[in-house]
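Paired with subunit B in one complex and with subunit C in the other, subunit A is shared by the two complexes that follow.
And now, the complex of A and B:
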């Protein structure tokens, strides 16, 4: 039974993630008044990449990609997807935020295997950007965990389904989380890690062929994981997979609209932004919670 | 196994090694390994004993007591394992140059003294062993001479101030209760009043705080850790600073008792919350300082201060899970920090003493085993799942969140996310990226250097996958301290303590890693190309000309550097300078001229006569 749930949730994450990537290209194209590629374009890309030739810089280069995709897939198993959560009894939110580290760590290790300046710059930016958005993110997560007095995501979802959605008692946290969502997803205005026109995909610059196929899948799963976490914490999760995926789609479209019209910012400005508005909102919410609970 | 056998073996071994070294270097090396392995064996065999032996030496009318319980066993094991690993590592690292006999003697002496500290059952013997440890550490820190001498001087001055504070506390206790035996003190302390308790806790706190390098008593540590020989840095950071933690646990929980500590203070301002916030500062500031370091060992030294913050935070918080997490983190930190220091030691040895992160790179190709161990150690420090560090940090976060202290939890989590940055900088700048031309032909490090790394690295992973086994020993400590008890399963905790099952996480991770690897293998083959064959998007990048990782976090550096000056160190240095100036002026009264001395005597007599005439004092 658990095995079936594991396979199911992996398939949902991969399918939904790839679909969202395809959809985003279409939506952005329409906002830009272009026609855009078909929604199934990422599937074609991945299949093509798997059959293409590629180069490798050694064991660490391969290991980085494997670690990154496996890390993202493991994270999926700990997030409730509208009732399906094979491993939720083995770890809560604290485990999830740590497991989300494996993906960037893998890419960073892989990038370090080559002698490419763009990869180095990209990794440095990724680390700094992570530090920037982790401060508000941790504040947000701590507010949620303190408010519901638990570290289990299943428990948090259950409490929301009995009462209000998380965004109602914790509005400032929800806004802060939405503000840093582009940074976590690596989309504009915070796409400075990959920055194709500037450092030609940064950490991914050396990857091609089968490696790039796996990285594309990893990106799709990562996208799904971040948004699924947001939905679980602030939008009440889902009573079943259907409603859950609808909520994921809604949050994603909102993010894509921001992405489509924003320019890219510099890393310093990204750090300053994240440590200013989202952090201030999240701190305010946390102060409210502490004062509320000490009464 | 009687407790005194361990100490006799430890101190006797130190002397024996020194004597053997006079005759033959090979015999000495064999003895070093034999003694260190023997110590691990002796300590391991004494698991589960709890007793107290009194030796009526009648020193100043005080008993000398040796003690063995869950707490001392735990720390004794840390000491003996990390000590043995560093000693084996030293065989390759120290080589034949210089005062090798003396080095091994001091290393064994410091290990023996630390065993003495954790096994002593009264405060007097604890103090004596404490001083032996401090002084032999001084000799080891200054082993390399040059800049190391200054670092060692800074260390010993601060250490002595700490010892004086501690001695004051010991004397106060002796004066008040007439005994220094821990078990008798614990009974007597129940009736002590708050002011006296606070005095005792603060004096011991200064003594232990200096050793544990808590902010604001940390300033000796970055210099001492980076200048000491690398195997001793591992001992210093792995276990020696943990003696401060042992002292905290001993005084706060075993002697004074949790209930009294928690009741100390009024309203918002109380002892344990002050300690909690000091610990939070100890986590956050050093983490950011560590990010900006360019010396590999200095970076690790600052990170040690940050990790000590976690341990003190868990201890100060004083809940069952908090104390368990702090104790477990002590063990984890001992292992992963030893791994990291020893890995940097390998690099330092192999490159002829280079520790500058801006000059290294690409060494993973030349020393893959060292890199793998350093990676595991680094992941343990970050606290990634499937390493021991995760479980202990999880316990600390969990207790802070469950008790409703999100701001302390934030400090702890920010420390972790900062740790990712500096650990990645360390790994990337040393092991990844470009391999400089001059290291291209480097030979693999010797087995005696990689073996301790592999053993300790395996222990870090073992404690992360099956935390239930070390947690059993931790549980015994927590229970014996009277903080409560908790139930741990093999892979973590049941639903009542919060969901955690590292065995399942491990299975899932391994299965998915295999799955992804298989998918990768099934796809079209890749062509292997040299590291320098890269795609630079049309730009020309000459090979070997640039070092891509210089100033790795420069944007951040520009932003946070103005806020991170070590004002505390500056304050201490200023105090030392003023003190030196003052004493220099006092010294001038010794002119060496007899006529001046006669003048002083006459002056003093005149003063005495004046006092007697006016106030009729005698």
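And now, the complex of A and C:
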């Protein structure tokens, strides 16, 4: 039974992630008043990349991709997807916090092995950006955990299903989490890690062929994981997979609308922003919770 | 996606995926790239066919060379091409990479027109390489439906060539004139320096109403500077003018290097003003009657105009910039 759930949740994550990527291209095109590619365009791209010649730069280069994809896929197993959650009995949020670091670390490993200066710049930007959004993210997660008095995501979702959605008792945390969402997803205004016009896709600069196909899939899964986490913490998760995916879609579309109209910020501005507004909101919420619960 | 395509997808997914997922690497050295922004943005939207610009050759499978190919850029082109994974397509885009475009006569041109054998065997290996690249450019972009948006206007063949009659007229009107026809649609006219404005006005009255460029060549061994006026025809009505009637004329004149003087042709072609100013600045040719022969680009003083062949660029750079101390001191 657990095996079936594992396979099912991985398939949901992959399918939904790839669908979201395709949808984002379509929606962005429509916002730009273009017709846009078909929604299945990422599938075509991935098929094409799998048939292309792949150029490797050594063992670490290959392993980085695998580690990154594996990290993203394993994270899915710890996040409840509207009732399906194969490994939720252990760890909860704490495990997710750790596992979510695997993807960028894997990419950094592979990028380092590629010996490309653009990749190094991209990796250093990625690490700085992670530093920028981890601070508000951890504060947000801390307030969520102390409000619901548990680290289990299933428990948090269950409490929300009985009462209000998490965004109602924790509005400032929800806003802070939404503000750092583009940074976690690597979309504009925080797409400075993969900035194609400046540093040629940063860490991915040397990846092509099958490697790039795997990275595309990893990106899709990562996208799904981050939004699923947001939905679980603040939008009440889902009673079943259907409602859950609808909520994921809504959050993603909000993010894409920001993405489509924003320019890119510089790295120091990104750090300044993340440590100023989201962090301030998260700290404020933290104080409120502490005062509230001490009464 | 219609039903025919589904069977094609099932039969050869990799082929169809390569057709509908073209990620383009642009090599833009010239004005051909001007066509790209409308293609990838709202006007033509190439993304609806899966055509997307990518940032690195590792991820592309379509290589678009959109500009003049000189011997120096050719190296970069070949290196970029070799970095792209197979299968890949290459498109030489516009007249510049294909036959040299308006710079077809220059000494650095390494374009790929197989009918042209100049340069006396100096470039062929590289040319072969680029020709091979070009031969691999399939119908990829056309398959994506973008060719219509990208293709230049086709010239209608047929009609009588105007070159023989124009040549006869020129030779009967002017005395010291030498006319050659290097290839179809192009005519080269050599005149002495004094008669340049007269000949230009005559050509202008005979349909060559577009001064595309004035350039200069330093023939240091012969002690001459050659000024070249490139003339063309504006397109008035596509259906009336055939390829044979649309010609280019290169008016060349050689003047001594020691005292290079020419009459300005601004009263014939008004747009000659910046070209003459540029040649005055870079080659030291004095244009009589030019209203403002002041420097156009350069900031410093030079004893020899910097584009002449006896100007030692390396020495100049060392003298000018080598003495600047490093920041630490």
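Just so it is clear, the second predicted complex is superposed on the first by the 295 of 295 C-alpha atoms of A that agree within 3 Å, B and C clash if a C-alpha of one lies under 4 Å from a C-alpha of the other, contacts with A are read in each partner's own complex, and residues count from 1 in each chain.
What we mean here is this: a contact is a pair of C-beta atoms (placed from the backbone, for glycine too) under 8 Å apart; a residue touches a chain by one contact, two chains touch by 3 or more.
Note that the structure is a prediction, hence the values are computed from the model and not measured.
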> Mind checking subunit B and subunit C on superposed subunit A, clash or fit?
Replying inline: fit
> If you stack the two complexes on chain A, which partner ends up touching A:209: first (subunit B), second (subunit C), both, or neither?
Replying inline: both
> After lining up the shared chain so the two structures overlap, which partner does A:51 touch, if you call subunit B first and subunit C second: first, second, both or neither?
Replying inline: both
>> If we overlay the two complexes on their shared chain A, which of subunit B and subunit C does A:41 touch? Say first, second, both or neither.
In response: second
> What is the C-alpha-centre angle with subunit A at the apex and subunit B, subunit C at the ends, nearest 10 degrees?
Replying inline: 110
> Does subunit B (first) or subunit C (second) touch A:200, or do both, or does neither?
Replying inline: both
>> Quick check for you: in the superposed arrangement, does A:98 touch first (subunit B), second (subunit C), both or neither?
In response: first
>> With the superposition applied, I'd like the minimum CA-CA separation between subunit B and subunit C in Å.
In response: 5
>> Considering only the contact definition stated at the top, list the common interface residues of subunit A for subunit B and subunit C.
In response: 51-55, 200, 205-206, 209
>> Going by the contact rule set out above, which residues of subunit C touch subunit A in the complex?
In response: 1, 13-14, 16-18, 20-21, 23, 41-42, 45, 47-50, 54-56, 58-59, 61, 85-87
> Tell me, which parts of subunit B touch subunit A in their complex?
Replying inline: 362, 364-365, 382-385, 390, 394, 397-398, 401-402, 404, 406-407, 409-410, 413-414, 417-418, 420-421, 424-425, 427-428, 431-434, 491-492, 495, 498-502, 504-505, 508-509, 512-513, 515-517, 519-520, 523-537, 541, 543, 546, 548-549, 552-553, 555-556, 558-559
>> Under the definition above, what is the set of subunit A residues touching subunit B in their complex?
In response: 6, 50-58, 60, 62, 65-67, 69-71, 73-74, 77, 87-92, 94-95, 98-99, 101-102, 105, 108-109, 112-118, 120-121, 123-124, 127-128, 130-131, 134-135, 138-139, 142-143, 145-146, 149-152, 199-200, 205-206, 209-211, 213-214, 267-268, 271-272, 286, 289-290, 293-294
> Which residues of subunit A touch subunit C in the complex?
Replying inline: 25, 29, 32-38, 41, 44-45, 47-49, 51-55, 196-197, 200-201, 204-209, 212
